[in-house]
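Here chain A shows up in two complexes: once beside chain B, once beside chain C.
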Partner chain A sequence: MLHAAATPARKKVRIATTSLSGCFGCHMSLLDIDERLLELVDLVEFDRSPITDIKHCGPCDVAIVEGGVCNAENVHVLRELRANAKVLVALGACAINGGLPAQRNHLDVGDCLTRVYCDRTGGEVPDDPELPLLLDKVHPINEVVRVDYFVPGCPPSGDAIWKYLTDLIFGRMPRLEHPMLRFD
Partner chain B sequence: MTTTQTGLGTYLERILKRHGRDSGRLVQILRDVQAEFGRVSAEAMAILAERLSLPIGDVESTRDFYSFLTSEPTGTYRILFSDNITDRMLGNQAIFDHMARRLGVSRGVVSADGLASLDYTSCTGMCDQGPAILVNGMAITSMTLRRADQICELVRSRVPVAEWPNEFFRVDHNIRRADMLLGTDFTPGSALRAAVAMGREAYLAEVKRSNIRGRGGAGFTTGVKWEAARNARGDARYVVCNADEGEPGTFKDRVLMQFYPERVFEGMALAAYVVGAKLGLVYLRGEYLYLKAPLEEKLSELRAARLLGDSILGVDGFDFDIEIHMGAGAYICGEETALIESLEGKPGRPRIRPPFPVSFGYRGQPTVVNNVETLCKATEIALHGGAWYEGFGTKQSTGTKILSVSGDVERPGIYEYPFGVRISQVLDDAGAKNPKAVQISGAAGQCLTTREFGRRIAFEDVPTAGAFMVFADHRDMFEVARNFAHFFQHESCGFCTPCRVGTRIQAGIMDKIAAGHGTQYEMNELQHLREVMRTASHCGLGQTAGGAIADTIAKFREDYEKRLARKDFEPAFDLDAALARAREITGRDDADSRMLSDA
Partner chain C sequence: MNEYDKFSLDGRPIYFERGQSILEAALAAGVYIPNLCHHPEFKPHGSCKLCTVKVNGRFGSACTIKAMPGQEVASDTPELNGNRRVLLQMLFVEGNHFCPGCEKSGNCKLQALAYDIEMLTPHYRHFYPVREIDATHPDVLLDFNRCIMCELCVRASRDVDGKSVFALAGRGTASHVVVNSPSGKLGDTDFALTDKAASVCPVGAILSKRVGFAVPIGERQYDVDPISAQASARQAEEA
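The block that comes next holds the complex of A and B.
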């Protein structure tokens, strides 16, 4: 537990978070730190995040990324975070390996789209420019931007996320050991 | 059952009968099926599984493991180019492209008429007379564009490989420096007679006295191994000769098997005499198929001379015979426990050790696995004694060592030296032209630079299984390491994740750097990956797969850095190309459907 509570003078760490091609499970796990959330809000403030609903992020200290990269929008969001954050963290299996969404990687993306939109309903594949275009494969985020830290788990437990964040915020080398370091 | 299936069944029955319906000989059976039908089809597997009482999954996993066994038909002429770095330096890629054009086939695809297929394969052990190829398993050396044209003609006229000109298949020994093994005459039976005259115990004592260590790379003391196998509890004992010389750049065992086979076999008989084995197995790598028939003939001669068979040399109970097993294109089978798995008809995945083969080896029985060269050395000890033998080499590495020298030298070939020879002397003797680096002991070994040429070949200093690849100063060591990275990716058996995934990521990063998209990030990743593979892999393959890259980064960093992009980071793939398929299917071409890789 965190005893060295931040003094009022301490500048809050600014954090941006996003879920790309993920299930929001890692974000749910972040909320799983329970009452420590109260300590967290003393330490950090949120920029772009599902928590704040800010759409574009500004300069910040840490960007936490859940999910892999499956479409053009994911690439743009990820690049924006990378450009603005000092430290970028891949959180959870999908961000690190592509995870469950990458199960489609052995299929042709064109076949997937026609199967879903044409063969079943007799319609057409939507072509609205508003819609993000799918990449042919789902990629882990480190294939698109430089990543500073990887926190494994599907999802990483609330304890693991808390341990990692507090290590980072207080300038310790972030370190996860068994049983917090796990890949399932 | 259709007539074709009945026909297939009859053919298979003949193959099965040849192998005594022994499911342990599955690799040999599948090799024969592949040779007969140009593939191992699902129907053939079903029949084999039923008649051998094996689950079909076992047959399939064995088939899929070996690169010479295929599920789809290969061309009537299956042409495989050896793709070791030494073949590349001799220009194999230009010859490959030329042949592909002439035959109208692309890599890995069978021509429309089913006539030819063309692909690359791992080092075929002809580094001193490359570029080398295999046509339907038979080795052809010293490829030139002219020879490629001749081969294309023969293929087009459908001349059977057996009728091709003999000079194509000529394999020279290129012995450049002979010492106590290669330079002395040998009368078959003399070593056995000497050992029998001494008696089992006395001969084993001589072997231990000689302090001879295994020549396959690990350098385990041979006498200790034999004694352990003799003392282990078991119903039967086996002697296995490891002639699966797969390490890129090694070809000494090929020369020994081709020109000194009676010593290899006699060495096996000596080991059998000590441990009490009745059966010996030679595991010959699939690439050396051309040696099989002459070796079988040699075995018949030895049987006729009563040097194999029952009561050898009239010694009651000294019954020993030798069988030859062929590999099917898997580097990992050079690892002794993987080799044993393969001998038992299974995919060549390394076992967990201990137990070691001396107590739990072939078919669960005490087994001695020795390198070809080690077995030859055993005959010298029988003839001259351990004390004599110990007088050669260094304190911890006694006797002589055969080196396979290739690459940028005037005289590539076989060099036998007493242990302790300096790298610089080998380079001088072979006529190295401005050497920049030497890769010792193959892709899994170490890379030495000019400053280290004073070091010595010995277990105390630079251990080696025999490969000695020389690179002149105009060579690019990054390309050398990249060649090795692809080799390991191809040869990883897939059993453990650090190696299966690690070798693949490693090769991907090397390609990214080669394409000019690498950054410092990739350099760090390579070193990190090497540590993961070295510490977490199941066997030596994964543990050493990052070694050549780590060595070349440490010693030839400029060859990497000149390729790095001057950026913090670049994506691992072409982002715009990754959107192409979705663009096509949606018919979109708006601004948001495009993306720059370096935005």
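The block that comes next holds the complex of A and C.
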């Protein structure tokens, strides 16, 4: 847990965020804290994040991960965040149980690709080396790295994210209870 | 009611009628003990173990142990709630529970218990089992991805509807619910939406067609009050 004294001179908490195999809905929900965003910018600064467009993360206090792990690039990004962050938070249903992308887990990934790219259009499965390799199954992030905290929801509400983040920033034991604790 | 017929639950006196289980007596007194495979209209099944309490220091299922005078029962303790959380986590990873896309979400007992016991993550490695969906019946959809094998549908169809449409097959981790028809499909049975078995499933495995998502988020059964508070409030109303 991070201990930040609530004084104006306090060092800002450095946060990295990413969306792996997610829909960016959780990031949208983060923006849904509305005018509390102004408070947030006083408390935190962003490292790698869709908000800053920094591509690789450096040492930071908190990493917030949206989405599960569906391809090789997701694995690299997740490991980089874990290596650099003191605390790693799984944000939203997909990071926690694979979510919607994991609906393909009972199908063969090769069959999926052939169906989409070959059977319907007569084309070929794209194999550009730039494209990250798909994993055979989509995994929740805690099956790949150690995760410190989980914030469920699809997406978690702005209120839930705010509650959890501020608990974390001010060194309280982060807690989500009904009705803020939701899986949908 | 006799002064003699009482036991203690987390230090509170619970009066009971002879023959009641600890769970029945507690619920009748407005004290909630988490439970999943229990249904007031059916014989106890004792399979989910969510209702596990400590009776005179020993673990036991509150739904199957008869209330006895002088029992010391512990239920709402960090140890027991911790075990319950683990049981729920195992149920979640053992099936395919994607609540955001489930019609039962908001009205689901499994989910409501997870909220109440503050389960933030299923924690264990997901099995992602391959389970069947059966849409052959005109009015009812079966999605066994969410089945927790509580056998309520089996009990209801056999004991109330007299049809024995469902049965449990297989053993251990291979156990699963099957439909008793030559094709194994629900469409080939005399199952009807009005059957008791159509309305007892605590999760989103037996669903009535064409009503999904009709109730908006915020108005579903467990959106506002947690399942434990509802059980206590229901009793207060009836009393």
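The rule is simple: the second predicted complex is superposed on the first by the 178 of 184 C-alpha atoms of A that agree within 3 Å, B and C clash if a C-alpha of one lies under 4 Å from a C-alpha of the other, contacts with A are read in each partner's own complex, and residues count from 1 in each chain.
Going forward, contacts are C-beta pairs under 8 Å (C-beta built on N, C-alpha and C of every residue); 3 or more make two chains touch, one makes a residue touch a chain.
Computed from a predicted structure; not experimentally measured.
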Give one word, clash or fit, describing how chain B and chain C relate on chain A after superposing. clash
Please indicate which partner A:Pro152 is in contact with in the superposed arrangement: first for chain B, second for chain C, both, or neither. second
Contact-wise, after the overlay, does A:His56 reach chain B, chain C, both or neither (first, second, both, neither)? neither
Check whether A:Ala90 is in contact with chain B, with chain C, with both or with neither, and answer first, second, both or neither. second
Classify the contacts of A:Arg79 with the two partner chains as first (chain B alone), second (chain C alone), both, or neither. first
Examine A:Glu143 and indicate which partner it touches, taking first as chain B and second as chain C; both and neither are also allowed. both
For A:Leu134, is the partner it touches chain B (first), chain C (second), both, or none of the two (neither)? first
Counting only touches as set out at the top, which of chain B and chain C does A:Leu113 meet: first, second, both, neither? first
Check the residue A:His178 against both partner chains and state whether it touches chain B (first), chain C (second), both, or neither. second
State whether A:Val125 touches chain B only (first), chain C only (second), both chains, or neither. first
More residues of chain A in touch with chain C or with chain B? C
Chain B: which of 128-136, 452-460 or 488-496 bumps into chain C? 488-496
Once the complexes are superposed, what residues of chain A are shared between the chain B interface and the chain C interface? 137, 139, 142-143
Quick one: which bits of chain C touch chain A in the complex? Just the residue numbers, please. 92, 96-102, 105-106, 111, 114-116, 118, 120-123, 125-126, 128-130, 217, 222-224, 226
Contacting residues of chain B [partner chain A, same complex]: 521, 568-569, 571-573, 575, 578-588, 590-593, 595, 599
Applying the document's contact rule, which stretches of chain A touch chain B when the two form their complex? 72, 75, 79, 108-110, 113-114, 125-127, 129, 132-137, 139, 142-146
Please name which positions on chain A make contact with chain C in the complex. 90, 93, 96-100, 102-103, 105-106, 137, 139-140, 142-143, 147, 149-152, 154, 175-179, 181-184
